[in-house]
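Only one structure is covered here, and it is reproduced in the block below.
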Amino acid sequence: MDYVNAPGRNHLFVPGPVNVPESVLRAMNRNNEDYRSPAIPAMTKTLLEDVKKIFKTTSGTPFLIPTTGTGAWDSALTNTLSPGDRTISFVIGQFSLLWVDQQQRLGFNVDVVESEWGRGADLDVLASKLAEDTAHTIKAVCIVHNETATGVTNNLAAVRKLLDHYNHPALFLVDGVSSICALDFRMDEWGVDVALTGSQKALSLPTGMGIVCASPKALEASKTAKSVRIFFDWKDYLKFYKMGTYWPYTPSIQLLYGLRAALDLLFEEGLENVFARHNRLATATRLAVEAWGLKNCTQSEEWLSDTVTAVVVPPYIDSAEIVRRGWQRYNLSLGLGLNKVAGKVFRIGHLGNLNELMLKDKLKVLGYSDCNQIILRESRESLPRVYCVKLEIS
Amino acid sequence: MDYVNAPGRNHLFVPGPVNVPESVLRAMNRNNEDYRSPAIPAMTKTLLEDVKKIFKTTSGTPFLIPTTGTGAWDSALTNTLSPGDRTISFVIGQFSLLWVDQQQRLGFNVDVVESEWGRGADLDVLASKLAEDTAHTIKAVCIVHNETATGVTNNLAAVRKLLDHYNHPALFLVDGVSSICALDFRMDEWGVDVALTGSQKALSLPTGMGIVCASPKALEASKTAKSVRIFFDWKDYLKFYKMGTYWPYTPSIQLLYGLRAALDLLFEEGLENVFARHNRLATATRLAVEAWGLKNCTQSEEWLSDTVTAVVVPPYIDSAEIVRRGWQRYNLSLGLGLNKVAGKVFRIGHLGNLNELMLKDKLKVLGYSDCNQIILRESRESLPRVYCVKLEIS
Amino acid sequence: MDYVNAPGRNHLFVPGPVNVPESVLRAMNRNNEDYRSPAIPAMTKTLLEDVKKIFKTTSGTPFLIPTTGTGAWDSALTNTLSPGDRTISFVIGQFSLLWVDQQQRLGFNVDVVESEWGRGADLDVLASKLAEDTAHTIKAVCIVHNETATGVTNNLAAVRKLLDHYNHPALFLVDGVSSICALDFRMDEWGVDVALTGSQKALSLPTGMGIVCASPKALEASKTAKSVRIFFDWKDYLKFYKMGTYWPYTPSIQLLYGLRAALDLLFEEGLENVFARHNRLATATRLAVEAWGLKNCTQSEEWLSDTVTAVVVPPYIDSAEIVRRGWQRYNLSLGLGLNKVAGKVFRIGHLGNLNELMLKDKLKVLGYSDCNQIILRESRESLPRVYCVKLEIS
Amino acid sequence: MDYVNAPGRNHLFVPGPVNVPESVLRAMNRNNEDYRSPAIPAMTKTLLEDVKKIFKTTSGTPFLIPTTGTGAWDSALTNTLSPGDRTISFVIGQFSLLWVDQQQRLGFNVDVVESEWGRGADLDVLASKLAEDTAHTIKAVCIVHNETATGVTNNLAAVRKLLDHYNHPALFLVDGVSSICALDFRMDEWGVDVALTGSQKALSLPTGMGIVCASPKALEASKTAKSVRIFFDWKDYLKFYKMGTYWPYTPSIQLLYGLRAALDLLFEEGLENVFARHNRLATATRLAVEAWGLKNCTQSEEWLSDTVTAVVVPPYIDSAEIVRRGWQRYNLSLGLGLNKVAGKVFRIGHLGNLNELMLKDKLKVLGYSDCNQIILRESRESLPRVYCVKLEIS
């Protein structure tokens, strides 16, 4: 039975796309409009102003691009760097790996710093590279704030501290796809030069808008950066910003109204409350994983992610099978393990438009095996073993 | 904080109105239409044909009335009975009580059979009344299939058996508001003369459509019934049925499309599967209540309801407080105790568009007290006592 | 080809149900909620307060009933009158006729004053009846503000003047179904005792809410009125009003949010602007009818309706055919002629959520015959004759 | 008054984004889903198969890219060409101009063939360039099927004929943004190598999906093309096509369901009927323009566009003022004149989800001046002059 047509609602716990609030769905339930009418630029102006708040920047310039997070990466890199430029980049999981791949395809000279998947970016290596680089050959440090594949959060304040310590002028480029609007992100305080996210993550919108924010230093760099860019060129946006019409090409009217509604919800709850809620739900998830006797993929407390938890399954189990069964039996969508951790972890997304009860149902089903449902098997060869849960009220 | 504006979705577990499937919401998301165009009568024809299936009748005549369950009661009574008519009616909870009140206000001579709330209709009393009534003064037996206030399901087959046993010609009128589309309802097999339900119950639509189905015997009775009725008069519908335009007054276009989508979902899942699912979720609910150490309001297994469970709380607790806290803290909507059981029970609706995970979250929160949340207190005076849950995987 | 599935939108110009504004559709695009939660009564309170403004009353008590206009009639009559009561009632078209029929079925002694269809209520007859009735046997004067079948607006101020002139205590009951929110309606100023409308008319909502407003005198009358009423009994509402929970039975959550949005739109535009817009669009319609060389069914200027225009077609044409072709060829919904004027008139609804361009397209197609489309035929026997339109810019 | 909040609906007649059908809006009114579940790839497979039909290709490979038409251009160019490559490209209006600009920024050696705006691509020049190019230095011929800025449709069959005549191997790249799904487009028959469109044009979806289709020859070219591309690289898609998961990055779930609904509508109407409807509505528009005494920007019948008409206004009038007034007074959205024809033309989009009455209202208002509305002024200095319209039925 295809559960998507099954009774009841789908339980969406992949780390993006995430659940869209009903009020946002309502705001987006509308016909197209002429984006050159007086109404759309007026709304765009408020969006550009307000979207800065989710980056905690006042000096940054935001771009709302009809693309995905992958396109936002492209925008961040091509507008600030030139072929041959040296970048320091960290591979700690599938998404940081893909970003490095982009950098290499763009012809940058990428100095890759790898960590075991489950660990954060190795900042000691960064320190020594910065220390050595008195000639300032390093043009940019590129890092994910939160690695979605492993549930690892990097310490961006520490990166900034190192750059400052060595007085290094490298650009500081951050992928905030699975962090911004869920984890505390401080663009100005941390001196981030380009930060980016995608609409379908903690903003809780449909996919389709890449949001990129550039510091004055990044904008300056874009004037001389030689990477070829057309669709992603900031210059085209800046030209239309000046004219007050804002759009070099057609935006999605529905996503603009949706962004308005999503920002309103975030500000109404209060960004700090949003972060606290993410921490609360993440803590509950981690306690549940512990209670199930399973391991968190994240190897040290310092990197624990409040937006996604990658759960390591016993070696005799294929984590993809857990994901498959959750979907078939419970209309539950969990994240697969990707690349190096394929089959080894499944991922619980706990970001965006979530509350306690939405999360609890999911935690319950994974450890709980009632009736004739078996989630985990002892080994591929042995007979299925039923995991039971006793409720003890004390 | 008003949880309705809080992050995440509302968890709706009152025994009606229930969760509307997304596909039904989509079907209803439309402009008005002319109900006299060729399109609406054509659709209405399929609705009238298909709606019979949820009553399990082939000989019945259905009426789709722009009203609520209360209006459907009115329709059932006024079309078949006359002031002064003797009815046998059972009071076993708040909703059967209100129906008796209607009957009395309509000037019927109501022979009320009361049971303790938590028990089903007393069929022994019915048997003796039928036995005595050789003169056939009893014009109708009126009974709820499922009492929504206490979670009690009456045995309708047994009622029919008694009527047949005593060869009694009384009309058999049934309130199926919280049963039809969730519990197995067999209009033809049980010889029910009028059955009724409301759109917002197990059909999982918004409120606004009362669905009444009349047997040939009930239609015959309507020709001589002297109760005054205008809006609810079946005659007006039958006139338009004959003309093929179907509507004596304006229907809700949106509810018609919604009903089409709701019936399609039910038939796609299969009515017997729908009933099995309700039984599965109800069983889980009852097990959870037991695990919490609480009592089901339903006093005997024979009356257990697969659509609603009324949970008795300890005497030192106000059940309304549990409902209030669920709403405030968890965006969880539970049913209050009504009338005689106000403050004594809270109700968990498990009917309509539900699946396992939607239900589990709710059961969890009621017995589980993590962090600093306390749902049940030992006594009003004592310090709060934390109920803990240990998960044991064996 | 069934035009409802045809490209482009349906053009809805029946005099109800009318076009629902997109913002109202958005507001209604939502799941069910518990109507006993704190949120719904809080919203209901604002609705009951604000809905008085559309009646222009401060002393009236409104009832939001899950029913249609027909049910609202029932509510108005049964709560204020008793079987045998004498009413004066005017038949000037199909809807006033149906209301009289209700009154007769309720056992009132209806003194029917008929006018030729196309003319307004005969107030001279009313005057003489009031003059004669020194014994005050007339308990109520029942009148439609606007007869939807013929496009005739009655002069309610004149009715009140007569009642005052003869110092007559009769209740003044008004059907405002196709007037309220479109025509200036002044409940308090005109001393109307019960006024009513339906959600799918000028409020521009889906069908399903009958809105009835009772003066203090009407409420007083309801205490002694002997007509049997159950579902429509105001008493049940008043009991729940006092308790602050407002609902004796389940309301449509979606219609409540829709009403909130609809009222907000009306107040934002300003009621007087709404009336002026209706007058402007009605005037344009009447000019177009004149330009087509056709006759308005309304026989005198004093009765011209700003919400619906009934257009008389030449005798050799069946107006139903015009409606049928409009629907088939243009996805255009016009109103049929009803009863006495069936085949003789078609109706253009110009009420509710409309603007200039929405109306103009409709007017154009009726008189304009481009390409191979023929709307009007010379005679039933002759060959079709093409009506051409020349545009002359001068 | 801001008409967007004004009563009634917005009348959208820009040449994109166009009106979204209600059934498509309904299909898109949904929560996010996991795009890695079994459901989304299964649907994607049908989309990729069916989308070929709108290009009339069986051998092409389609790409559904989360971008706009501008991004689709980028995709077409960077995947098939290398810096320094010679292209022949035609500038006949603002959009072909922008595409040429892209080509120049990508470092191609663009051989620009300009026409007066209002005229089509100069194929005589193409012929002579092809004739001269015996060395096959021309790598691609780039042309818009329909220039949206001027309402000019180019003859693609003639381009193919020339390429064949000269036996020239150049790639044939076509911008079909304002043609595909509205004008007859024959990718295979015309030997087009890359064709592209955007979701918000004749497909009548929201903005956000660029649809690009590559011939086997184009796919072959992509293997050696040296233009740098990351986000737009076909290679990434092809890799996931082979895996059967289809998506190298997150698609918009809502747009996928919307595309399914939009294609279903097109196939239900029949593509040839869709083209005929566009021709019918375009013809009506052109007749109206003629009747107003105004000139079509398109200078010869051979280039008349069935999707957009650019109307030349008298020299003393600013066309932007007409657009502005249409919006303010009538909630009517018309297209502005762009670049060279700014202030000189306004544009009527008549593509996508339109029917006769939707169009007529728009035509009416532009020439018709009733009441106190004046659309066109004699001159900037003179007093406003009222343009009257007489309806003559003959």
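By written order: A, B, C and D. Residues from 1 in each chain.
By our rule, a residue touches a chain if its C-beta (ideal position, glycine included) is under 8 Å from a C-beta of that chain, and two chains touch if they have at least 3 such contacts.
This is a predicted model, so every value here is computed, not measured.
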item	value
Chains touching both chain A and chain B, listed by label	C, D
Farthest chain relative to chain B (centres taken as mean CA coordinates)	D
Whole-Å gap separating chain A and chain C, where each centre is the average of the chain's CA atoms	54
Chain A and chain D, separation of their C-alpha mean positions in angstrom	34
Distance from the mean Cα position of chain C to that of chain B, given in whole angstrom	34
Multi-partner residues of chain A (each touching 2 or more other chains)	9, 19, 22, 25, 29-31
Residue ranges of chain C in contact with chain B within the complex	2, 4, 9-10, 12, 14, 16-20, 25, 28-39, 66-71, 73-74, 102, 105-107, 198, 200, 206-208, 227-228, 230-233, 248-255, 327, 333, 335-336
Chain D contact footprint on chain C (complex, rising order)	5-9, 11, 19, 21-22, 29, 265, 268-269, 274, 277, 280, 284, 287-288, 291-293, 329-332, 353-358, 360-362, 364-365, 367-368, 370-371, 387-394
Partner chain D, residues of chain B touching it in the complex	22, 25-27, 29-31
